[in-house]
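So, here's a batch of structures to check.
One chain, subunit A, links the two complexes that follow: it is found with subunit B in the first and with subunit C in the second.
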Partner chain A sequence: MAETTTTTLKDELIDQAGATPGDRIRVVLPDGTVHEGRLMPTHSFSRPGTLVLKLDNGYNIGLNTPEGTKLDLVAPEPAVSVPERKAPKGDKTLPTVQILGTGGTIASYVDYRTGAVHPAKRAEDLALMVPEVFDIANIRSKVVVEMFSEDMQPTEWQQIAEEVAKAFEAGARGVVIPHGTDTMGYTAAALAFMLPQLPGPVVLVGAQRSSDRPSSDAAMNLKAAVRIAATAHLGEVVVVMHDESDDTRLAIHRGVRVRKMHTSRRDAFRSINHPPLGYLEDDEVLLAAHIRPTTPLSEQKDGKVPRFLAMDEEVSMIQSYPGLWPDHILDVVKKGTILVGTGLGHVARRCLDAIRECTARGAYVVMTSQCLYGRTNMHVYATGRDLIHAGVISGEDMLPETAYVKLMWVLGQTQDPDEVRRNLHTNLVGEMDERTEMTTYLE
Partner chain B sequence: MAETTTTTLKDELIDQAGATPGDRIRVVLPDGTVHEGRLMPTHSFSRPGTLVLKLDNGYNIGLNTPEGTKLDLVAPEPAVSVPERKAPKGDKTLPTVQILGTGGTIASYVDYRTGAVHPAKRAEDLALMVPEVFDIANIRSKVVVEMFSEDMQPTEWQQIAEEVAKAFEAGARGVVIPHGTDTMGYTAAALAFMLPQLPGPVVLVGAQRSSDRPSSDAAMNLKAAVRIAATAHLGEVVVVMHDESDDTRLAIHRGVRVRKMHTSRRDAFRSINHPPLGYLEDDEVLLAAHIRPTTPLSEQKDGKVPRFLAMDEEVSMIQSYPGLWPDHILDVVKKGTILVGTGLGHVARRCLDAIRECTARGAYVVMTSQCLYGRTNMHVYATGRDLIHAGVISGEDMLPETAYVKLMWVLGQTQDPDEVRRNLHTNLVGEMDERTEMTTYLE
Partner chain C sequence: MADETRGRHDYAALGFKCGLEIHQQLDTGKLFCRCQSGVVDVDEVESLTEFTIERRLRPTESELGEMDPAAAAEARRGLLFRYHGIEDHSCLVEADEEPPHQPDGDAIDITLTLAALTGARVVDEIEFMRKIVIDGSNTSGFQRTGLVALGGEVEGVGILTTAIEEDSCRKLDTDEEGVVNYTLDRLGVPLIEVATDPTIRDAQHAKEVAARIGALLRATGRVRRGLGTIRQDLNVSIACGDRVEIKGVQDLRSIPRVADKEIDRQLHMDHIKTTLHERGIDAARLDKVAAVDVTLQLKASKSKVVQGAMKRKGVVLALPLPGFDGLIGGTADGPRLGKEFAAYAKKYAGVRGVFHSDELPAYGIEQEEVDAVRDALRLDTHDGFVLAAESATVARAALDAVLERAKLCLVRLPREVRNALPDETTVFLRPLPGAARMYPETDVRPVAVTDERMARILSMLPERPEESVGRLVQQHKVSTEVAVQIVGEGLLPLYDTVLAQVGRPNELARLLLQTLPELSAEDVDTAPLSDGVTLVTLLGALDAGRFAKEALTDVARAYCQSPDAGVEGAISAAGAEAVDESEVVDVIARIVEGHSDFVKERGKAAVGPLMGIVMKELRGKADGALVSKVLAEEIGKRA
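And then the complex of A and B:
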């Protein structure tokens, strides 16, 4: 994204007040509203005309500054010399952990001079946020992509998966992927399908509060992720986040079974329809019995990590709701769609013909439930049976989001209808089970 | 729906075996698969060629019976004379409760001769399932509509709301609406907006297991609903269901705050971002402090229950996901849409132009979060701020489903843009709050 160079009223006001980023300023809008806080630097994501203030509560607000806005310097930020921080020399006796940066709140690096949170551009900034990680592992780090996680597309998943495979082939014992939390579940599922045989753990980790806020979970989560990558005998893609709102315990979630269930709580991530693979408590990793073990490189063809990166993007997702028009379905179904039905997997009967039309032209329609917990069962009621007759495939106890990623991945691997269907009905990497444990509800 | 009269291979097999509904039969399919169970009667929802068996586990399965299928009678159902059941004469000293049937699992009536579960056609069948309700209230009953809840549309919401208002005007103290669970939350939200001033409780109630299964929750839920309708000082639309998987406690959920969170558990319904309005334990109704009180008919204009039934159906719902195409948005947005965004309320930036196009042509775009728990906050990150600039309205801590119903309702009441926006930003019937209690997560 190119840096903007337009000069706006905002820039003039800042110049007139002699303010620079980091200074405390007061803004009085034409309607009399007063805002006070630290002036934040302009970065590539900023809108040209918007002035960004960091309020005392830690949040940033963006202000439009129409004609008549006043801006005063309250207190200039005292000049502080920032010690140059450098990564310690790696301890080669420790297991090697590769950190692959992708952006997101956890990768936001606090500039203590300006108080600004901005993305960690240098690879080692990530690890430097939590110096203790250098006592756990021999850290290598690299920024793969740098973006808000809501902007991630299959292309980025492929880039990340390729870097993960390469890292293991270059001797890493585990990989840590700091990631924005918005779509971390989708990326985790994608990596799980792309990399089904792993020589070590691949740990996605995020933060719900950026590291300039006292309540930040960034440091604890990153440290836990490095510990799991360095020590756990786990050949899976997992998500590691707070398990409780306090700092007592972290949960290790299977990548294809995890969902962000709260907009802001630190324990937002939950394993759905499957217990977590383990926990981390008092720096101790406790794994459950049902994990997938590692597959050493020596047991794999040519000593390579097998990767299956192709994805077919002609897949959509449609939530069912009372007024869902048949046209909505016909308009957005290309090669396949995930229906997020009601209850056991239903849609209004007036949509049946549209669904039949889609399957008749070769599209794959997979049914999941908007309840999220539980499993689809289309044999109980007549609507479900009619959907099966219309060619709809049951998503069993799969999350809608995982089903979406799986369908893209399956269509990326094969276009043979029998094979596509067989794959959709098969549990490939732990994404669905024949029976769901009822005890995993809202845990 | 017209009864089908086509004779199929299935009918011939049944005739040859001399079987009638209720008999135990064995079906051997051409591939050797054997199914044994009770032959179920054909009803209007059945597919003509499909034979329906009730298995010993209580579930029904539909079987296709291709050429070569064998069907044997295992044991004819012994003839049992079923005593004619009649509703007891109403006790006029008890408070009057109007039951309005709509269909769904709870309204399924067990024919003990055939073992078949079929919809309660007569009004009193519903109440007769739980004879104790006649000791709690003077029961009136009426079937308003008879359908699977996934087929309910705004037209049915309007019919039900009108009947509710009439019931109060005819002297009911409370109203009970047995309803299919699939879309019970949507209907509850719709009634809450349509009937904002109620002289008594309107209680939607469902069952997750039909009444022919030992684990059925139908009786306990219906009885609780009648008790609340007859006694609670509550001027709101609520949903009453099991609060735990055992039979200890039921929860009273605010209609605009409730969601079906499990496909099959009896405690599937949860209040989201708001504590339940109360509980029912040991036949005792315990109400919280934050309920809306009743508005007696005497205080309302002309002694009528005010109803605002108009709904605009040109509203859609779109879940954001990594591959969401801008075209998907342009194709399905008519007068308004609910975006079910990621995290604090985000969509991929590549969709911004499509959203701008929608708002520019006058469509209303409301942002909610697919996390479900928590609240949207579009001031924290640049993507959110850009969405606000694109004209997107924050849904705050509203459920996506409630936001969908609200937008339909608001557009039904007014087309004036300022008034629409004001209504969307205003808490009308408890559907959103300025602050969300963090403690309501996964409770």
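And then the complex of A and C:
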């Protein structure tokens, strides 16, 4: 049902009084009760017609405004002059870190009057929320996009990748990208494929608790991200978030290996099928041996960061489930699809014909597993073998989301079937591996 | 003249203003999650701890980019908090790892009920707010609270607000590394907060108002009982100072004395202000004051504190306080500025204490050393000083805090929050928070108080305390005194439940009001006898003549000591199996026979002396009335 937009008596009263949220008003109810306070916007789940008033004791209350209620404007909201906040002058002796704002919880602050969460307008605001970062690096900041991460599309990935490349070319040692956590893994994977040779770390960072809360993880995460960007010898795209529920240790995850595994916990991000690239504890960065080293710009012929930004968006993901309908596959699949199969990489046998039809049309079908942990293997059971015969390509130990981004990227680079297949079978930026270590399962 | 029965002061003349905030835990589920409510025994915390998490809190900036003074005070400490998640009592919500669930409906109903009992005006929609608290007592860094009603009245004092809010974590201790340990069991237990206006007339009146609010809360029948389930905060000011909030007055009876001692303190602080002005001390003078390193003068001191600091390569810093001589010490049992200094130093620098000139020489610091310090600081007669022996940074922070407090002596008594101590004095806790600390909790939907809901609440309104007393006297024929106690101690729901099944009102009252407290005093765990079902079984056995009412205490004790043996087991363990009437007659006949000469001599007057001998054998096994009836008969036969 669409939201009701009926004008209520409350709205009429407010209009007549010429009051806007924040103004001091006086409400006289028909029984003579008087309430005075500041007019507040209503909660989206408030009953229609409820007037929300902020009393002088700080509490908000909801009032009905029956026929006969009087509402007067006492005083307009006093103009609040927010002092202009200037970032400290960059310390040129420190390594330069570029912050590229994209939105999300980490980059939002609360309007204490309304409780509404607003995006930080400038990446500088973000850095200023955590002033300690100016002691770690010479901060440059810029807002690239401003959106909830669920709204982010491949166009934005391209925009961000371009800004990352430019930042390095302009002398940044590392780049920090505050990002909404919902699709941070997708963006990280996209950047990893688009920018395979990096002169320094590209650190995506988010927050699971908004920065208006004293318990927010935003400050600790951002500080760690800046420290890693400023000091770590890492030539790849990583995600840095809390490693535990405690405010003690952060994990550095490979961008193509990381997944948000919890809706709300601080330690929601996990490296899957692959150990984290390192940790940060007590302000100290500890890197594992399996990191991708940096490729200095001096080694590039044109002195530029190589970028391969093209993406083919005619790629989909299909979750296999017991009732999966063959026609659904035919409807959804265009140039390629990622099947998120059951177990070792299966779909119901009744879908085999549909899959055959897709591959016959020239579509690429890549199998991953909804188990997330482990490798697909279509040689073990008859269904698997039939899927191979139907032309399905194994996604090996790749995350479904990574496989999805990879297929989009590969098809953006080449349409040549042999090239596409060769790329899909090749580990390009650490997204797949022939070995899986015992210790990688659920820690 | 002050009325002695109303307290020690002339309250009106002092410009006494006092209001109360009562916080009462509700006996429902948690407010914003579906965990088990209530707190576990401190001894059980270790074995019931399911997980621990270590966190820090970071003050947030308000919209003006200014930090709240209370928040700033906490932030200066940069503390690490360790939370102990208690089995069944804590989930992701308490751990601040999941948004709050929607509020507990029962808790809101109880709050609405209380509002109706005090004649308050209920709001049409409850909007939940976040109140910033960053001392670690809330994992989120704020407490969720919603205003339910405005107005109302008790004992002639207006009620300002009635709110429903979540209780905070329980503090265990601060370990050697300065980590503050909290348990998560209490976090989220619903609390009703009732705040009165500041028109309480005197110290005694404060107690009466608190008692009445407590009684109305218990009348709802849904509040928790026991230590720490109700907490009283007292707001006190007199004409010469600003409002001081005293937190955590546990015992109702101590309220008048806490209020009186706070007035003493405020008067003392006013006296200090006047004296400083007379001595010509002003803010400009204190602004020039700076701590001086007196390590050289004191490094050979025998003082353990100084020696300890020397061992840790620390320093001794001295802060000169012009004009403060004689004003820091105060009297031994009266208010002392030194205590305020120590609290500031502890709060902002984490030091155990500081030395001040009014208490020296002492603690191993000799007169010559005091003189040397005074020389080093170039002090005049009226000047005092404070010493801190710590690492350089900590000592400086401690003396900065002391100086900050010293400057406050020149102005009105500061607005602050203080903690009530067991001796009824108070200690500085933090500056009084500003109003900017509340903003909407957008994760929780507002709760509409519909007409239907209010009609239901009003139709089920519980008896007021005085109505309950009247009913108990009428219905159960107990004395008014007993009825008042049953109601006053919140035992009414239990009393009614048990009596609905077994008609022993006097024995039940005795059990609840006398026997169980006595057994507790004997260190017997009375928990096994605290539920209605067991009480019904016990009194049922009494009613069925399984034992005599004289044996009630012994049977109750035996039951509490080994509840697994059941009531029957307790009766035999107490040796209280009742004997039937023929056995009573046999025993009495035998005793009367054995004293036949005495009986013949005294006649009916022998009843009294023989009763004692008979009861020695039959106490607890036979009803007293039966015994005396049979004894009279047997004596009658032979006299």
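To be clear about the criterion, the second predicted complex is superposed on the first by the 352 of 443 C-alpha atoms of A that agree within 3 Å, B and C clash if a C-alpha of one lies under 4 Å from a C-alpha of the other, contacts with A are read in each partner's own complex, and residues count from 1 in each chain.
Note that in this section contacts are C-beta pairs under 8 Å (C-beta built on N, C-alpha and C of every residue); 3 or more make two chains touch, one makes a residue touch a chain.
Because the structure is a prediction, the values reported are computed rather than measured.
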| item | value |
| --- | --- |
| If touched residues of subunit A are counted for subunit B and for subunit C, the larger one | B |
| Which of subunit B and subunit C A:Thr96 touches, first, second, both or neither | neither |
| Touching partner for A:Glu150 - first (subunit B), second (subunit C), both, neither | first |
| Subunit B versus subunit C as contact partner of A:Thr248, first or second or both or neither | second |
| Partner chain in contact with A:Glu313 - subunit B first, subunit C second, else both or neither | first |
| Subunit B versus subunit C as contact partner of A:Thr181, first or second or both or neither | first |
| Partner chain in contact with A:Thr33 - subunit B first, subunit C second, else both or neither | second |
| First, second, both or neither for A:Ser394, with subunit B first and subunit C second | neither |
| Partner chain(s) touched by A:Arg265 [first = subunit B, second = subunit C, both, neither] | both |
| Touched partner set for A:Gln158, first subunit B, second subunit C, both or neither | neither |
| Touching both subunit B and subunit C, residues of subunit A | 45-47, 50, 59-62, 245, 263-265 |
| Interfacial residue positions of subunit A with respect to subunit C in the complex | 33, 40, 43, 45-47, 50, 52, 55-64, 80, 82-83, 85, 110-117, 129, 209, 211-216, 219-220, 244-248, 263-266 |
| List of subunit C residues in touch with subunit A within their complex | 53-65, 71, 92, 95-99, 121, 123-127, 129-132, 134, 139-142, 145-147, 150, 160-161, 163, 435-442, 445-446, 448 |
| Subunit A-facing residues of subunit B, complex | 45-47, 50, 59-62, 148-154, 180-183, 186, 245, 260-265, 267-268, 270, 313, 315-325, 328, 331-332, 340-350, 369-377, 379-383, 385-386, 389, 400-401, 404, 408, 438, 441-443 |
